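Below is the structure I would like to discuss, written out as structure tokens.
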Amino acid sequence: MKLLFANPNTSEQITERIRTVAEAAAAPGTKIVAVTAKAGVQYIATRAEAVIGATSALELLAEHSSGCDAAVIAAFGDPGLGGARELTTIPVIGLAEAGLMAAQMLGRRYSIVSFSSKLGPWYRECVEYHGLLGRLVSIRLLETPFNDVTAVQSEKESLLVGLCEAAAGDGADVVVLAGAPLAGLAQKIADRLSIPVIDCVHAAVHLAEALARMKVKLKRIPPKVPVNLSPALTNFFRGDGST
Amino acid sequence: MKLLFANPNTSEQITERIRTVAEAAAAPGTKIVAVTAKAGVQYIATRAEAVIGATSALELLAEHSSGCDAAVIAAFGDPGLGGARELTTIPVIGLAEAGLMAAQMLGRRYSIVSFSSKLGPWYRECVEYHGLLGRLVSIRLLETPFNDVTAVQSEKESLLVGLCEAAAGDGADVVVLAGAPLAGLAQKIADRLSIPVIDCVHAAVHLAEALARMKVKLKRIPPKVPVNLSPALTNFFRGDGST
Amino acid sequence: MKLLFANPNTSEQITERIRTVAEAAAAPGTKIVAVTAKAGVQYIATRAEAVIGATSALELLAEHSSGCDAAVIAAFGDPGLGGARELTTIPVIGLAEAGLMAAQMLGRRYSIVSFSSKLGPWYRECVEYHGLLGRLVSIRLLETPFNDVTAVQSEKESLLVGLCEAAAGDGADVVVLAGAPLAGLAQKIADRLSIPVIDCVHAAVHLAEALARMKVKLKRIPPKVPVNLSPALTNFFRGDGST
Amino acid sequence: MKLLFANPNTSEQITERIRTVAEAAAAPGTKIVAVTAKAGVQYIATRAEAVIGATSALELLAEHSSGCDAAVIAAFGDPGLGGARELTTIPVIGLAEAGLMAAQMLGRRYSIVSFSSKLGPWYRECVEYHGLLGRLVSIRLLETPFNDVTAVQSEKESLLVGLCEAAAGDGADVVVLAGAPLAGLAQKIADRLSIPVIDCVHAAVHLAEALARMKVKLKRIPPKVPVNLSPALTNFFRGDGST
Amino acid sequence: MKLLFANPNTSEQITERIRTVAEAAAAPGTKIVAVTAKAGVQYIATRAEAVIGATSALELLAEHSSGCDAAVIAAFGDPGLGGARELTTIPVIGLAEAGLMAAQMLGRRYSIVSFSSKLGPWYRECVEYHGLLGRLVSIRLLETPFNDVTAVQSEKESLLVGLCEAAAGDGADVVVLAGAPLAGLAQKIADRLSIPVIDCVHAAVHLAEALARMKVKLKRIPPKVPVNLSPALTNFFRGDGST
Amino acid sequence: MKLLFANPNTSEQITERIRTVAEAAAAPGTKIVAVTAKAGVQYIATRAEAVIGATSALELLAEHSSGCDAAVIAAFGDPGLGGARELTTIPVIGLAEAGLMAAQMLGRRYSIVSFSSKLGPWYRECVEYHGLLGRLVSIRLLETPFNDVTAVQSEKESLLVGLCEAAAGDGADVVVLAGAPLAGLAQKIADRLSIPVIDCVHAAVHLAEALARMKVKLKRIPPKVPVNLSPALTNFFRGDGST
């Protein structure tokens, strides 16, 4: 099986982290293809940046999804997810969606923990988009600045553990570590927590594998001819060589 | 990997259908253990019957979950799911939950199709319990009686296809075939439908495998000593030899 | 009039408290029948325990509801309520339902106060089940352990008064004292509170009387023959000698 | 016990019907005081008319609630209910509230049936105000005109029966006959219906009795001195001789 | 253009403040007519007072709306708004509605700040009535008493600034200063705030102008003949000389 | 005043229609700048197309918003709205938002009417995004194909009138004609309808004027340096010469 992880951020380092964690988690025989947006920002934190990220996500799927069995939009917030699902016949899930779905299946009420208070509005909007607000308890975010987003999980490890416990105190019975920069952290801290903790990349790998194995016959929207898009994206909308 | 399918109905024939469909769907190396409730009704259709089914589901988990990697409460409506999840440290999902979660990850708004109008209130309540009402479009149910619940999927195949298309007309972009008696039907009719169709047993197999592979450290509630329950159930609450 | 209070907990002492408070509250001529679950736990605090309690509640109704004018499932959380209502033609209400309904009719937005933080998730789920989350302000629970559940209301009286006032500060204009172990406390503390306080057993007695007096012709679901249930429960499902 | 039925409509005939039905339903020893608005419209059907009705309801309570044990705002839609509850220390319920609460306690999902399509928006708004929209299935209203609102229940009896059955088909398991002009009809048609039917006046009598018997210590808002209101209403706001 | 500001409070001083702020904000050529309720309370703070205010609002519209292009119910809480809109064919908006709508169009999630904790329940109910609760973050209210409602904005200016910043901390990205007594304050404090702040009177002026310019053909409900209302209100219901 | 209408579709003809209708509606002295997306599709009908449209909308604002007093994203569905609002300090509203807000201020419950059933899912998602689902009654769409989107309003005029009346039958008291291709139709058909009808371009012109006149001090998110975006968009994110 081949899974595409399309990182709509422009940070290659974050793509590498996703790839490393995904490969370690994947079933034997699952190949991980991890690709990075060519345009946009290092790390999407706002709705404006997510607009750009959504187009980047479609670009990446247009270029790389052929031959893949499922795809993951590999940024919490899932930019472009609704559109991506309309253009291809392989399953596409979002990193946030994967984490939230796992939380719903492993617990009853969940919290989200992440590394920057700037992410709050965008993350909440993402939960709302998925229709899952009813079981969200709280979003707990680091208030203090960090030095390097690609190393924030080790720099702030103990504070993040504290936020997870605060989420438990809020009434959550499961917590989602949100954002690709936190990929791989859940396993390290699980023993220190009173509630289960979910790694979104792990969730994405396994849920994407599961959806691919279900072999549901998906449909795409009818072909349409756009103007002035990249060749790959134009073909994607035209349904040429569509996955 | 070993997956437990705990059928809270008393019908062995439905258990056999679940087993057959689950074994055909499972990944190589996944063993399916399918067990049947000893007490209750042939096929749960109401809240009252689900009360009994919930206790049966816990009984079955108490007796058979040891050594399993994940468990499925194998009746749409998921009786006892919330309680089951509190008593064990392996992932437990419901058949309805599996179908609904797959629908949310493969489409945007979904409908449920099933074989008896008597199931409507109980099925709707189940969607509400999962907090997923916001994306439910409609529940479409056969109005005419059938001869044999274990054969209803072939007896009523063309009417069920019609209900799926009616769901598409309601605005659903994916449809869930609900209820263990419909296990295996989705594949047969997928080509005749304008929207994707989900088999709950397929969804349950693959999502249970996925959750087991995620290896999230789950917690159970503290041990408690009940009175006058079966030995297995007593041990389950006491946390003896707990999974 | 004869009212059945079916305590799905196994604690006879709690049944006695319910009986005492209910008899003191009942209208002249109302007879209280208070019965105790034979199987389960001393005091239901989790969803798993509520699964067992739900079956116990149906057992108790099956055995004792004949000749009664209305029944109360006498534990906050109302285990088995939906099923119970399907099996009988006398009104059945839950202890939580009674308290919440009284709160909605006597105030506008309400809080719940109870004696153990373990009860939080189960109590919230109960409010959600009743569709009354929109007017719930907060659930305030004692954080410190108590010695004896049957004496917790006197042991923690001043802390419970404090929680009620905290609820007022949250914006509640009425507070529900939740759980059979707190039956009878509301009257004692009412004068010390700035908002009205509701005793669930009082509410249950008077609302059950009211529903019985309304003489609405209720329907039960069609008879069905279960297997391996107790004789009383079997008859209850079969509709034999049904109330 | 003395119950005040404050009819915020100006129709004495409707007040008489309410009185007759309420007296027949009331417990032995319960006295019904039924009074009629002096200003406003014959029958409230819109939000504009409900504005006037709300002030009339407060006027009637100001004049007549002294010495009563509970009060009912005796028009479906409950004009002035929130305000009335703030000004007095006896329980006040609305006719709609009583019917809806009874429906929630006797069934799971309910419909409303009434006699004029003009009432739809106002009735729906009332359900929303009470926070009970989640369990409302449908509002079914007569489309054809009637001759006389005070005789509409006999004139349109068979059509109203049809609407109740249509509500059952919508998925309701209990139906509320809405509006004082339909008081007394439920008993006549109950045997012809497949689901239970609720008479709002019956519900109001018995729930008002229940709330009065609960003897919850209610609070009123602090006194305030209004200008240019009637003497009774002025006193009501000033808290003079307040109930 | 002529805009009617109908103040349902009896305080002429508050009407003067509204007039002053509205005239300063209005487009060239817009004439402000500001009128005061003859009956009721100085400042509406509760549901009971809003009942009276609603009738006053209709009275004021009945007397003064003729010849106006749009009307504003000039008290946060919008008493009588739904009814007012049914009786006239000019646009009518509420002061709260104007502020909330502006907040929704200028930000994503908003808080309300006002000067008295007594206003909380009534203000929240108003947001709920408008169906806008989903984007409300918090209601922040002064806890300490003030000397004079007409001067509260200067007396408590720094505390109000603090509440606005607290709202920002709650996650609001825009804040509404609620209540006619705060009219004009937003401009004074905007530079000290980290999030945008909305003046309800400004919003009402500009949105009323906008709605009037849209020239949508509005409808009123059919004429009806009420009894014992003032001549102006009687004519308003009868549709005589209706705007 | 200068208002920017940014059409995220690539159809110049639709931009011309918007310009014509907007200029006719605008206040004296208001200048309309109408610009067209350079990339994307002729007419956005799906989520995938809206992803591209969202980036186009930001592009257009980046290039043309300087010197404007407010901007409108001139396609129903409002692609990019949340992001646009973060990047500029002038008010930005969406065409759908304008229509929905006007509907909420002129009526109580509204329906949407448009010209293609393909638009349904995307339009509903837009209402949900704005948090306005609670007052939406129905979305009524033409089922039959049309020849030319730029002439669909005249080609299908009588069918569209029929849909508006169907919406009234659904319970709507106001209807929004959705989509730029229907701009200008509302005035033509208003006299034939039993409920008020809203033109989104009219609403957008007047609400944008209103928001600009309110002069609320808006904030933008902190500057950020993206890579590989167009120069205008790069500057927009960097906050250079930002409006």
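A few comments on the model shown:
Lettered A, B, C, D, E and F in written order, each chain numbered from 1.
By definition in this document, a contact is a pair of C-beta atoms (placed from the backbone, for glycine too) under 8 Å apart; a residue touches a chain by one contact, two chains touch by 3 or more.
No experiment lies behind these values; they were computed from the predicted model shown.
If you take chain B and chain F together, the chains in touch with both are A, D. In whole angstrom, the spacing between the mean C-alpha positions of chain A and chain C is 43. Between chain D and chain E, the centres computed from C-alpha atoms are 30 Å apart.
Centre-to-centre separation of chain B and chain E, using mean CA positions: 52 Å. Counting partners per residue, chain B has 82, 85, 108, 125 as the residues that reach two or more other chains. Taken pairwise by the contact criterion, the protein chains fit none of the simple patterns, being neither a path, a ring, a star nor fully connected. Across the assembly, chains come into contact as A-B, A-C, A-E, A-F, B-C, B-D, B-F, C-D, C-E, D-E, D-F, E-F. Of all residues in chain F, only 10, 38-41, 46-52, 54-55, 57-58, 80, 82-87, 125, 129, 221, 224-229, 233, 237 touch chain A in the complex they form. Those residues of chain F whose C-beta lies close enough to touch chain D in the complex are 108-109, 171, 173. The touching residues of chain A, counted against chain B in their complex, run 25, 27, 82, 85, 91, 93, 97, 101-102, 104-108, 130-132, 134-135, 186, 190-191, 194-199, 202-203, 206-207, 209-211, 213-214, 216-219.
Within the complex formed with chain C, the residues of chain E that make contact are 120-121, 124-125.
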